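A, B, C and D label the chains in the order they appear, each numbered from 1.
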Amino acid sequence: MSSAFLYTLVGLGLFALGLYALIVHAHLLRKILAINVMGSGVFLVLVALAKRTGEVRPDPVPHAMVITGIVVAISATALALILMLKLTAKTGHARLPDDQRESR
Amino acid sequence: MTMSDYLSATLLITGAIFFLAGTLGLLRFPDVYTRLHALTKADNVGLGLTIAGVAVQAESWAVVGKLLLIWVLVLLAGASVAHLIARGAQHRGIHLWKR
Amino acid sequence: METITLLAWAFDSLLGLGLLWLAWQSLASPDLFKAIVLFFAFGLLMALAWVRLEAPDIALAEVAIGAGLTSALLLAVLAKLRATEINDDTTEPLENVEQTFRSFQWFPTVILLLVVAGLSYTVLSLPPYATGLSAEINTNIENSGVRNPATAVLLNFRAYDTLLEMLVLLIALLGVWSLNGAVLQSKTAPGLVLDTLSRLLAPMLILVAAYLLWVGAHASGGAFQAGSILGAAGVLLLLAGWRLRPALTALPLRLMLVAGPAAFIAMAVFTMMIEGQLLEYPKQYAGILILFLEIAATLSIGTTLVALFLGGRPSNNFPSNDFPSKDEEHK
Amino acid sequence: MQILYLTLALFLLLNISVGMYRIIRGPSTADRMLAAQLFGSTAVAILLLLTLATGNSALRDVALLLALLAAVTAVAFVQRAWPNRETDDDDE
């Protein structure tokens, strides 16, 4: 197995872990972390697949996409975090209010 | 292998040993202050030796300068952060370990 | 040669396992602080993964954002969250978090397995060799005005993407500002050591940002990396207690924020008029025009990231305080 | 020499993996932050070794950046996120 496919599988694993955490956690900060992990997984898959060029240097287009993606991800994260703080200030809980599960 | 290769290899391996010592200290020492002490010192020496080993192989003096800059920055940041954490820990009443 | 392949393979496997394990631990951790520290470590390992994938440009961005900004932002927000969250019995009990995460829940698990199976099938059925667009880029790079392919893609071949990305950053900041409030103030006075550290590191960070901006034309680096470093410098100064002078937070700050998008839009209009194509530069001036765009973009990205870290509109929320104000670093 | 560089890089990565124990285990928040800090300087060393192993000098810039920025998170921790009441259960 080439290292490109190794990292692709790691990226898939990260995406799956993040998705699972996004579904099961109620706390919004955890959900934001989960989305970030999912994003890292997607980036990893993109860049790993760009490395399938053999001996020559990897395809730079996914690289450029991921660079902008990282910067956009942090700005979206910042917006999400501030939204979460706003919600917490209103309701006292960092959870979505329509969360009906009794045990949590 | 040339003379400089041997020198570089010796420095790099010694550096790695210091890193190992730092990690052992992090794992085995009993309180936050001693861990801080083990980690900051051992790691900075380890990195210094690694950088010396890399610098032996450097192709130009500009590269040596950049490597030195990296070490100075890590020393500066490491020392400051160690101080901040130790002071914070003391401030919050984490006790010193006594046998 | 054989040993080298084996060692590289061992390194990659250990790194991959470490990434998965850190992500797992971070997402399953009952303690939010621990989760954030693990996420920081995860970012460091991601930087190593980018290096292994021969993507030093991305490694630079990841280090600047992941090591400098994301975790600082998360930690500041966590502190604020602890202050505002009501800790009564209905709050999520700490022990349950790990349990929820580890216990078997059939519905998400089934969805997850389907998703993973589908994705793995797609990925593994891809051809093992694919050159993508590298050939086109190699033939056109002489005309792009820069020699670093990533920069050529960002600022020339797909410059309209970057234009929209600058707008996304601006919109995120407008979103944060429109929520109005929650400025993340410093908790404690900085003290002598932190003050000195910030005084030494901030100019170094600005210098490195300028270096990466310049070197981005022919080697790894570029506007996004440089902007992120400026952002990290600004965050460090904010953490050390520096504040912008109120006179500068009104119009000059906003001008800084829109400089990047404005430069891009102006360039788009200009190239439409000269070449008849959106963001297609005249060949002999491509290098200098790209540098101009990159400088504007760097300043805007840096300022936007610092403003995002502040979390609120500074002019409304900043009381004047005792710390001397320092403005250059926020630009 | 290639083999030596890669072996040492692998060794340092193992060092990091072992150090993760301290992040998971704690016990105090300061310990976790401290261990994360260790990751920073070890990662700088790994990057420099990889620079030698691959001959890609751009990695040196990554190391420089990491050296500069490793402090920012720790400063954020000390200034903002460190809870004032720390549970003092530092016994091993």
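We take it that a contact is a pair of C-beta atoms (placed from the backbone, for glycine too) under 8 Å apart; a residue touches a chain by one contact, two chains touch by 3 or more.
Here the structure is a predicted model, which is why all the values come from computation and not from measurement.
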item	value
Chain pair whose interface holds the most contacting C-beta pairs	A-C
Intercentroid distance (Cα basis), subunit D paired with subunit A, Å	22
Whole-Å separation of chain centres (CA-atom averages), subunit C against subunit D	19
Chain centre separation (subunit A, subunit C; CA means) in Å	13
Shared interface positions of subunit D, touching two or more other chains	33, 35, 57, 64, 68, 70-71, 75, 78
Sites on subunit A at which at least two other chains make contact	none
Contacts with 2+ other chains: residues of subunit B	73, 77, 80, 84
Touching chain combinations (by label order)	A-C, B-C, B-D, C-D
Subunit B-touching residues of subunit D, taken from the complex the two chains share	1, 4-5, 8, 11-12, 15, 18-19, 21-22, 28, 30-31, 33-35, 37-38, 41-42, 44-45, 48-49, 51-52, 57, 60, 63-64, 67-68, 70-71, 74-75, 78, 82, 84-86, 88, 90-92
Partner subunit A, residues of subunit C touching it in the complex	8-9, 12-13, 16, 19-20, 23-24, 26-28, 32, 35-36, 39, 42, 46, 49-50, 52-55, 57-58, 61-62, 65-66, 69-70, 73-74, 77-78, 80-81, 84-86, 90-92, 96-97, 100-101, 105, 108-109, 111-112, 115-116, 119-120, 123-124, 126-134, 137, 149-150, 152-154, 158, 161-162, 165, 168-169, 172-173, 175-176, 179, 181-182, 222, 224-225, 227-228, 301, 304-305, 308-309, 311
Contact set on subunit C toward subunit B in their complex	191, 193-194, 196-197, 200-201, 204
Residues of subunit D touching subunit C in the complex	2-3, 6-7, 9-10, 13-14, 16-17, 20, 23-24, 26, 29, 32-33, 35-36, 39-40, 43, 46-47, 50, 56-59, 61-62, 64-66, 68-73, 75-81, 83
Subunit B residues touching subunit C - in the complex, by the definition given at the top	73, 76-77, 80, 83-84, 87
